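The letters A, B and C name the chains in turn, as written, and every chain counts its residues from 1.
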């Protein structure tokens, strides 16, 4: 009986969650004139024009490519640097560890608006404006601390006896880390990868500031529709639907890691 | 306290088990006598934990009945079974003090606070935890945490049995020894039924009055440690228990004994009767402890060649070869040995014969 | 569980330190620099000391925005954390249903923030939006462009819709990480569902919930794109949160100095509260009370 109630609650929640997304899908399949003309629960005269436009105009699809490139670079950098650091925080006590940990977190706390100008100046000094790597590195500012933080939590959940046993068995640190420890926290890595991907994917202000055309992200391309003759809702909705796809694929790949949890107690 | 009876229990984790391997537990019957100290011994993945979980109700068996003192509890939930279980990794309630941890099972069953206090103090005293009652449980060492897990079972005066699922895995050797002694002491004092799952034979043999040996979802033998040692019911047990394991030598029946690689070993009449006219694969089994170098030309001794001698402190293991068959001897360290050729003798009372891997005499 | 004491662990932290420091320290210094100067144009600046800070701290509109902000972030935490935990508890533990739930939950998180605002504009439009039409259909007056309360409700709904999944994902991952033996022990000890939640699931989720609370606090306190696109801070200043106010100041009025001073104060507020939350969550349930 109890289980039943829970499931119903969950289903209601998921339906509510999907309504705005359904609405976006609905609009993406209609022409702008049709959308503004009348309320319709489903597209009466579905059209793929909006999608065709996005896939055929370079300025549109290159936005996706650009976003995917810098997001992937960012996720890779964030995971590779955060894994050893998170291990250090979860296992060792060292000079200034607590301060360092909190300092990392503070980097998520700066209001972006005013920091944009100095960012622009900094990256132009290095000649990195309008490159993917610039956006990827700037996104590390908020993703690396997050990655360290999430991974640290997962690593602390792994009993330290596992490390001790491995060292006694003669494993070197890198070998232990790669062959025993990383598989143990794969849940955490999957979750972290997803979050890095997500936060980098949806971030707009920094990505827009640091790019001009060559690395212009999709979110910035989409703001173009907010001009001239007002919004082209259909086109925007189609672009919005397409922005969901890569992330949905990522979570599809990490879903098992998220669901399985640790195998502690069964090792 | 209760006698636990398992009738034709079988379990599969799959919905529709087809092949033999799909069954985690193949059909078995077993009675655990009230107040007994049992060890459930077997290699990893042999179904020990499943069997334990069937008794505690965490797993409902696919087939068969479980009864406590004659009362059928197969469908009864874990919390209604009065079973306590200690797991491989210490399970404690992190946010609670040691006192609250110990009191938890009683409070969940709505015991009044005076009883709770009394029982908790009694158990804490027995487990030598009184000093730490007010500490947060998470701050304790692994062995103290395991004591708490055990204590949560002991506080309930109505508990039918305490099940241990390899409880000493994460405990360091020194504390292991102390904890095992504590268990023995508790068993003697309260005459509780204890069932102790392990894959460590030393642990099983020192702890239990009765050892149940399992492999591949089946119970192979139930017996005292001595029985398991002297008359393993199955080839597997001969190998698994004892270090080194039993010697098994393929043989053929002959007039007054068996022939091994062309040489004859005579056997007592009682065993000979059982092997006559059987079309089975015969093996002679003898423990290394009961193999000795022969003096002179004893009748029935076998001609072998010594291949290796391993000195292990106060005894040595001698590996002899008999035409490609390996025979191990366990000798006191100061026993004199010939250089290469060595005739060996088997203690006639300790020779066992196996047909298709099963003991026949 | 005591950690090993070893300063060589610093070597493991160095890569992270470098990659973050590049983007963190220099821009912060630059902003500090702006905040104490009056900038007329390139090369023309005057040192003004703490003048901007005084001006900003006595700004009435800022107080208003700060009030809005605290109310908003407070509500966000009060709604999203319990809701997120409840949903995580209700989710299936494994199988394709669990996978499906995870993927669906992640969808709102994957939409760029400016698009979120745009979707909600059209979703709530009384003429062609599903929610707008539905509410008007119930006979209720609803217009988030005119009534402050309606604007608030809409922004909150959008926020809860957008971000609760984050809390769910974190809580769910935390729940799945609890070894099965804990639940078995709880059953053997006769614990009720509530006791299991209170003494096993909740304590074991403390780590992920700390992350969830802090992330939701920081990000909701810094929220900009979604409400800006949806309401533009209006009607009036009803939904003008701190960052919207800040941008109005920095961009609209070209006041880089006061805006920088404001940014730093803003930053310190987030820092202070994050630190308080962090301390509180680290210590809850770990000190010896008895």
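Just so we're on the same page, contacts are C-beta pairs under 8 Å (C-beta built on N, C-alpha and C of every residue); 3 or more make two chains touch, one makes a residue touch a chain.
Just so it is clear, the model here is predicted, and its values are computed rather than measured.
With centres defined by CA atoms alone, the chain at the far end from chain B is C. Distance from each chain's C-alpha mean to the overall C-alpha mean is smallest for A. Interface comparison, A-B versus B-C: the higher count of C-beta contacts falls to B-C. Centre-to-centre spacing of chain A and chain C amounts to 15 Å, using the average Cα coordinate of each chain. Rounded to a whole number, the gap between the C-alpha centres of chain A and chain B is 52 angstrom.
Centre-to-centre separation of chain B and chain C, using mean CA positions: 56 Å. Within chain B, contacts with two or more other chains are made by residues 87-89. Looking at chain A, residues 264-265 sit in touch with two or more other chains.
Counting partner chains per residue, chain C has residues 179, 181 touching two or more of them. For chain C in complex with chain A, the residues that touch the partner chain are 1-10, 12-13, 15-17, 19-20, 22-24, 26-28, 30-31, 34, 86-87, 89-91, 93-94, 98-99, 101-115, 118-120, 122-123, 127-131, 133, 161, 165, 169-170, 172-173, 175-181, 193, 207-208, 210-211, 214-215, 218-219, 222, 224-225, 242-243, 246-247, 250-251, 256, 259-260, 262-263, 266-267, 270-271, 274-275, 278. Touching chain C in their complex are the following residues of chain B: 53, 56-58, 77-79, 83-85, 87-89, 91, 93-97, 99, 104-105, 108-109, 134-136, 138, 149, 152-153. Against chain B, in their complex, chain A makes its touches with residues 159, 161, 264-265. Chain A contributes residues 2, 6-7, 9-10, 13-14, 16-21, 23-24, 27, 35-36, 38-39, 41, 77, 80-82, 84-85, 87-95, 97, 100, 102, 104-115, 117-119, 121-122, 137-138, 140-141, 144-146, 148-150, 153-154, 156-157, 160, 187-188, 191, 194, 198, 201-205, 218-219, 222-223, 226, 231, 233, 236-237, 239-240, 243-244, 246-248, 251-252, 255-256, 258-262, 264-266 to its touches with chain C in the complex. Considering their complex, residues 87-89, 142, 170 of chain B touch chain A.
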